[in-house]
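Here chain A shows up in two complexes: once beside chain B, once beside chain C.
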Partner chain A sequence: MIPYSSFSFFMILGILFVPVVVLGYKEKRSIVYNSLVHAVILLLAFASDIHQLVSFIVYIVWQVILVNWYAAYRKEKNEAGVFYAVVFLALVPLLVTKLLPVWDVSNIVGFLGISYLTFKTVQMIIDMRDGALKTATLKEQLTFLLFSPTISSGPIDRFKRFQKDMETIPTREEYRLLLYKGINKIFLGFLYKFIIAYVINDRVIETPFIQAHTPLSTFIYMYAYSLYLFFDFAGYSAFAIGASYIMGVKTPENFNLPFMSRNIKDFWNRWHMSLSFWFRDYVYMRFVFWMMKKKWIQNRYTVSYIGYFLLFFLMGVWHGLELHYVAYGLYHAALMISYDYFERKNKQWKIWKKNKVTEVLSIIITFHVICFGFLIFSGRLF
Partner chain B sequence: MDMKNTVLDLLEEICQTDVVKENGDIELFEEGLLDSFGMVSLLMGIEERLGIRVGISEVDREQWSTPNKIIAILENWV
Partner chain C sequence: MGTMMKKIKTFFQLPYVCWTVKMSYYLLILLGLLMIYGFKTTNSSAFIYNEF
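Now for the complex of A and B:
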């Protein structure tokens, strides 16, 4: 059973949450009961396919061994080579899952949510390398990795942020507010995913007119698919965040009115934020820092542009190794680099002045540029 | 040179404005003065000029949002 995809899932979730809510109002939290909730949800998600369940368990054991080994190693030494090797080993299961379909081998390694879990383990290893994360007990690691509301598709939380929520139990009033917001988000999710996204898919995308590949149908499809993608994923995210809130965890947001973005940089601060912030912090910033330190390239803008290229290329590949995902990544890399260049030149030339008219125009232009990106992403073009 | 002036000089160079010296409570990210690239330059400068190594994942944008906050964090850095 895929989480948040059926009425029965929500029924089970509702029943499982009753004791959580009762305890929440009493300013209590039962680790034992919460673990049971996570176990039931994880079993629902994976037990229907034994391959998935086994892969999931093996994956978790593998990652926990790596993280613990590296934590112990890092207390003694701090070699770059060892760090890269451990990160690579943590990425191996994901790489295999992405490569098997390309080699046409049936995928028995993958399971729902593997790409999202990998972000969690890799960030722990990187934080340890930085010295930002000194110790993490096995219990803490498992609580973070196995947190079931976000297991299938995020949002991607950060270990230290998550840990803070685990250590504090909300007061009655705080919990009341969390519960209220949580329920509110779940209902917003119903509206987005099961009504708006469903209708767009059923009444527009799946119609024979759109399915026939004419230039006009592809043009309409581009906008319909973009809206569908937003409402479907923002709906899912609302479920995951809402369920987290009810369990007392303030899982970060994923969307902030992305179609109102004024430019492409603004868009990446509003669309799938937990993913783009992850790439910003763990790929782009680290790469730029490393390059600046090595001083191989003098021009700081060149360094930044290579960083953008790396970020979006990896983000594209992360979705899958199919050509359209790679193209999607490169398209956004090109947009970010061009925009950054334009923004800088505009400070001197002042061709695009800031006022109400240009702001509205910027939003309109950005919207169409983004939708074209999603058309590439959809795989309809190639 | 003391910590405060070093950080302010760095911020002035990176943000390319002396507003950061005049207003210690200015919101660097919200005002568009600092972005990811600027943040990396700042960390690099802190390491070079103050000898303090701050890992990228140790930076929380909400806590590092103004010149005064950054100075306070660095003064208490262990």
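Now for the complex of A and C:
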């Protein structure tokens, strides 16, 4: 059973959450009961496919061994080669999962949510390398990795932030607010996923006219698919965040009105935020810092542009090795670099002045540019 | 215009109005679900991002 994809899942979730809510109102948290909730949800997600369940267990053991080993090693030494080797080893299961379909080999390694668990593990290893994270006990690691509301597709939380929530038991009033927000989020998820996304898919995308692949149908499909993708993913995120809130964890937001973005930079601060911030912090920033330290390229803008290229190329490839995903990544890299260049030049030339009219125009232009990106992403073009 | 907006804002901040609006919002969503799926349990397809 895929989390949040059926009403029966919500019924089970509702029953499981009753003791959590009662305890929350009493300003208590039962680690044993919460673990049981996670175990039930994980079993629901993986038990129907024994390959997935085995892969999931082996994966968790593998990542825990890696993180623990690196934490112990980091107390003594800090060799760059060892760090890169550990990051690579943490990425191996995900790389295999992405590569097997390309080689037409059945994927027995992958399971639902492997990407998001990998982001969490790699983040912990990098934070240990930087000294931002000194230790993480086995219990803390498992609580972070196996937090069931966000297991299948995020949002990607940060270990330290998550840990803070785990260590703090909300007061009655704080929990009442969390519960209220959680229920609100779940209802928003119903509206997005089961009503709006369903209607867009059923009444527009799946119609014979749109499936006909004429220029007009592709044009309409571009907007319909963009909205469908948003309501589908934002719906999922609302469910995951809502369930987290009910469990007393303030999982970060994934979306903030992305179609109201004024430019492409603004868009990536509003769309799939937990992933884009992860790539910004752990790929782009690290790359730029590393390049500046090495001084191989003097021009900081060139370094920044290579960083953008790397970030979006990796983001594209992460979705899959199919051409349309790679093209999607490169398209956004090109947009980001072009916009950054334009923004710099505009400061000198003052072509695009800031006022209400240009702001509205910027939102309209950005919307169409983004939708074209989603058309590439959908794989309909090639 | 400013006074009118202020009055509307104050009206929507009244606890019973807030409660009614929220309840109507939840009920409308439930009604929408009922209209689309009836009393059958939906077997909606997975989320797009589950694939990644």
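List of remarks:
The rule is short, and it goes like this: the second predicted complex is superposed on the first by the 382 of 382 C-alpha atoms of A that agree within 3 Å, B and C clash if a C-alpha of one lies under 4 Å from a C-alpha of the other, contacts with A are read in each partner's own complex, and residues count from 1 in each chain.
Note that in this section a residue touches a chain if its C-beta (ideal position, glycine included) is under 8 Å from a C-beta of that chain, and two chains touch if they have at least 3 such contacts.
If you're wondering where the values come from, they're calculated on a predicted model, not measured in any experiment.
Looking at the shared chain after the overlay, A:Trp62 reaches neither chain B nor chain C.
Look at A:Trp352: by the touch rule set out above, it reaches neither chain B nor chain C.
The wider contact with chain A, measured as residues touched, comes from C rather than the other of chain B and chain C. Once the two complexes are laid over each other on the shared chain, residue contacts for A:Phe7 go to chain C alone; chain B is not touched. Shared-chain residue A:Gly320: touches chain C; no touch with chain B. Applying the stated contact rule after C-alpha superposition, one finds that A:Phe259 touches neither chain B nor chain C.
In the overlay built on the shared chain, the residue A:Asp281 is in contact with chain B alone; chain C does not reach it.
On chain A, the patch touched by chain B and the patch touched by chain C do not overlap at any residue. On the chain B side of its complex with chain A, the touching residues are 36-37, 39-41, 43-44, 53, 55-58. Residues of chain A touching chain C in their complex: 2, 4-8, 112-113, 115, 152-154, 187, 190-191, 193-195, 198-199, 229, 232-233, 235-236, 318-320. Those residues of chain C lying in contact with chain A across their complex are 25-26, 29, 32-33, 36-37, 41-52.
Those residues of chain A whose C-beta lies close enough to touch chain B in the complex are 123, 126-127, 129-133, 280-282, 284-286, 288-289, 292-293, 300, 304.
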